[in-house]
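Each structure below is given as structure tokens.
The same subunit A turns up in both complexes below, where it pairs with subunit B and then with subunit C.
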Partner chain A sequence: MDDASPFMAALTLILRLDPAFLSIVGLSLRVTLTAVCLAALIGLPLGALLAVSRFRGRSVVIVAINALMGLPPVVVGLTFFLLLSRSGPLGSFGLLFTPSAMIIAQASLVLPIVIALTRQTVEDLWANYREYLLSIGMGPKQAIMTLLWDARFSLATALLAGFGRATAEVGAVLIVGGNIAGVTRMMTTAIALETSKGDLALALGLGIILVGITLLVNALAFGMSRIGVRHAG
Partner chain B sequence: MLNWFGALLASICLLLGHPAQAQERFITVASTTSTQDSGLFDHLLPLFTQKTGIQVRVVAQGTGQALDTARRGDADVVFVHAKSQEEKFVEEGYGLKRFAVMYNDFVLIGPASDPAKINGVKDIATALQTIASKGSAFVSRGDRSGTHAAELALWKAVGIDPAKTQGGSPNWYREIGQGMGAALNTAMAMEAYVLSDRATWLSFKNKGTLQISVEGDARLFNQYGVMLVNPAKHPHVKAKDGQAFVDWLVSTEGQAAIGQYKIDGKQLFFANAAQQGA
Partner chain C sequence: MPDNLPPDAALAVTDLSFAIDGIRLIHPMGFKVRRGRRLVVLGPNGAGKSLLLRLCHGLLRPDTGQIHRNDHHPAGRRAHAMVFQTPVMLRRSVFDNVTHALAAIGVPVAQLKSRAVEALNRFGLIGLADRPARWLSGGEQQRLAIARAWALRPELLFLDEPSAALDPSATRSIEAMLGDLHAEGVTLMMSTHDLSQARRLADDVLFLASGSLVEAGEAQRFFNDPQTAQARAFIAGDLVW
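Let's turn to the complex of A and B:
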């Protein structure tokens, strides 16, 4: 770190608009946003369903899903590595060391967060509006839709929590992606690589940019929810 | 409203998840951290791709892990540096013929303070014995990589089993289970000795007070080999394109390209495909 400070390294990267760097940023965003999107598509309805339904063993399911929020990324990575490897059960799809494998792994990490936070949010609403919704003759499917729509701003925060988990994560994408230059190299895996090359300034510079991007995405989401609240109110 | 939102979400998913570029012609190479961290691939691969149109996707792991990746069928070519492990890989039928490609050498790196007083020692065995007897901190890769294998062979040659001395007092032998760069970072922070391949050492940017303690001993020789994964074991292996890469590496052109790679005027790898028995 003698001749270059991390801030200079970050600035140089941004100003130079190096195509290799841009592809790393682009891939990071693409993989992470797709993973969050998939997790939302599955997790929001599942979480809401879990909130309004009552069945034997429900508490066990809730505890299990809450616990899965702490799933170690490296375990998820290893599991999908074994599944997607050519010698594994899903090997014939040839997905190992591709962005698709990274999306699948990250979606699995984000999914429990989305389900658990959705369940909690919707359950609180359900406690308040249950009688009203039932009294106006709303079926369960419609009730879930109404509750999800009503809770949309809180749920946006749940999705942002998932996004945070995915962007910060390196263990899973490193194993299933392989950190291949130009194909599966993301911000976090590039940071790990530059650290191992001893280029700590560049590594930290990439880190600063990653934090900046996360900040930007959160600011965008906040702005959008503000506009949403104004229109809804 | 929510249905509309769900549809939007789904279409974003599809849009983002769909690969932007068309299917490229590529091979996957399982290789070592030394070839990647030293920057050799950044120099070599564009030359090969330009000539053949074949993209090369490199997964950089320790030699042991790289061979395992290939055993599972997740790579088309392996390019590593531990001859006995490579020969075993071929014997087991996972690899076709092994080709010698190039060599460099290992160097013993240590802090400038030289706690074991071994700077300038020419004999690696003496140096290691001194480190062990003085209990000076030593960082081991501990990851079944080619460098780790070479380090263990050197300890064995001097009749010391460092793993057995672990946990004893003083606890001088530290296995970190990580790549070459991480080991150098750790050695730098701990003021410890560490065995490194010269290429990674020369390109390493966080040297701090570290320097070369011992070099030039014939036992520090480090040979790299390359082989195609056997298509008979894994039918999806891209045999034609993978073999093209192997052939290019040992061709006059590939060998010249390896020799041309330099950092600060120093040559990192020495091509020796023509050498008998390498």
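Let's turn to the complex of A and C:
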């Protein structure tokens, strides 16, 4: 056995577009992208609202959300496992060990990141825009739309950060998904399993794809801030 | 037309005062902004000029007193608009800065473009329409802030030190624009600490010091025959300086 062989096998898997391999990559991307979209749909307006409103306990909410950003994925997984399991409060939906359960768990992981980064970005912009937007008679809803649009390049970077975190995590999807072949097997859970089984080729192949995605995400984030400067100043 | 606003006034203030954290920053004062005139709020740094303009525009809530202004905004217009001491530029193109303001006051989508083009033409900015607004020079930004306010067709325009950070030629160009707005019949209420600018622009003067209204009246009389020692010192100080 020479050392290069699992690596060569991994490359072969990738280059041959092996169907089982592709289905794992495809499911991972579908779950994570859906989770990020959900988190964006909820987190962008909530973060912006938090940035422009003043209420008692606001700083407590901000600290809590910042803390949630660092929540261990396994804890999120465990929480949703308990909520979604047959005897849990949401058990009747029968979602445990389905891609939907993984989407929900990942969206919950990404949501605090989106809210916290949106709040920070929008709050800085609001400090600059506030009087002007009030001066032209804008209400809170219009102001939030203006702020989200003008912060779009920084916010896209926030979403990419969320995407990065979700792509890389194992704990949450493993617990609520169950790592069932062809149903809920994601890249990270497959790597964990295949490595322990000794199928290094598949694990390595998926690892290469993951590193590629991470590079791509960072390149996108970099390009985004460049474009932002060019278009928005 | 709101109650209590005399027909010759675009704004009337009675008994106005304002405090932050218990500290009185504007002491009780009353005055009128006469329709179609240029009222210059004059006073040294920290006199309360910016606060007074914000109060009059409705950005701050007074602690006592009333501000009577026309709060009826006809379709596609805003009764009053403000140009800030440091221009607020949205992170969009010059053109989009104008259409954004127009959309905010409810101008129909079909008219946004033509009204923005009209405003940019009027203030010589059409060549910069596609440039990100934040890339403009200080003078160009101030010009855009005025164009954007003018596009709202206000009857009363507040300007907070519109040329404080500008070089002499940019200052002259801003002053010329304000002269044109005045000729169009727009009522102007602007602050400055620059006496010579006040002499060039003012029809009426409010002279503030330490948050109090020290002297109010027609500009001619204020400059030729100030009634208070503080106003005399301020005018004389500028001549010496």
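Throughout what follows, the second predicted complex is superposed on the first by the 202 of 233 C-alpha atoms of A that agree within 3 Å, B and C clash if a C-alpha of one lies under 4 Å from a C-alpha of the other, contacts with A are read in each partner's own complex, and residues count from 1 in each chain.
The working rule: a residue touches a chain if its C-beta (ideal position, glycine included) is under 8 Å from a C-beta of that chain, and two chains touch if they have at least 3 such contacts.
Just so it is clear, the structure is predicted and the values come from calculations on it, not from any experiment.
Novice: Between subunit B and subunit C, whom does A:198 touch in the aligned arrangement: first, second, both, or neither?
Specialist: first
Novice: Of the partners subunit B and subunit C, which touch A:181 in the superposed model: first, second, both, neither?
Specialist: In the superposition, A:181 contacts subunit B only.
Novice: Looking at the overlay, does A:136 come into contact with subunit B only (first), subunit C only (second), both, or neither?
Specialist: After superposition on chain A, A:136 lies in contact with subunit C alone.
Novice: Applying the touch criterion given at the start, work out whether A:128 contacts subunit B, subunit C, both or neither, answering first, second, both or neither.
Specialist: In the superposition, A:128 contacts subunit C only.
Novice: Looking at the overlay, what does A:157 touch: subunit B (first), subunit C (second), both, or neither?
Specialist: A:157: touches no partner chain.
Novice: In the superposed model, does subunit B or subunit C contact more residues of subunit A?
Specialist: Partner touching more subunit A residues in the overlay: B.
Novice: Does subunit B (first) or subunit C (second) touch A:218, or do both, or does neither?
Specialist: Neither partner.
Novice: Mind working out whether A:120 is in touch with subunit B, subunit C, both or neither, as first, second, both or neither?
Specialist: In the superposition, A:120 contacts neither subunit B nor subunit C.
Novice: Touch test for A:232: subunit B only (first), subunit C only (second), both, or neither?
Specialist: A:232 sits against subunit C, while subunit B stays out of touch.
Novice: How about subunit A: which of its residues touch subunit C in the complex?
Specialist: 125, 128-129, 131-138, 142, 146, 150-151, 230-233
Novice: State the interface residues of subunit B toward subunit A in the complex, per the touch definition above.
Specialist: Subunit B reaches subunit A through residues 1-3, 5-6, 9-10, 12-13, 16-17, 19, 28, 33, 36-37, 41-42, 57-60, 72-74, 178-182, 184-185, 203-207, 234, 236.
Novice: Can you list the subunit A residues touching subunit B in their complex?
Specialist: 1, 30, 33-34, 37-38, 40-41, 85-88, 91, 94, 96-97, 99-100, 103, 145, 148-149, 178-181, 183, 193, 195-200
Novice: Touching residues of subunit C toward subunit A in the complex: what are they?
Specialist: That would be residues 54, 57, 59, 73, 78, 81-82, 84, 88-92, 100-101, 104-105, 132-135, 152 of subunit C.
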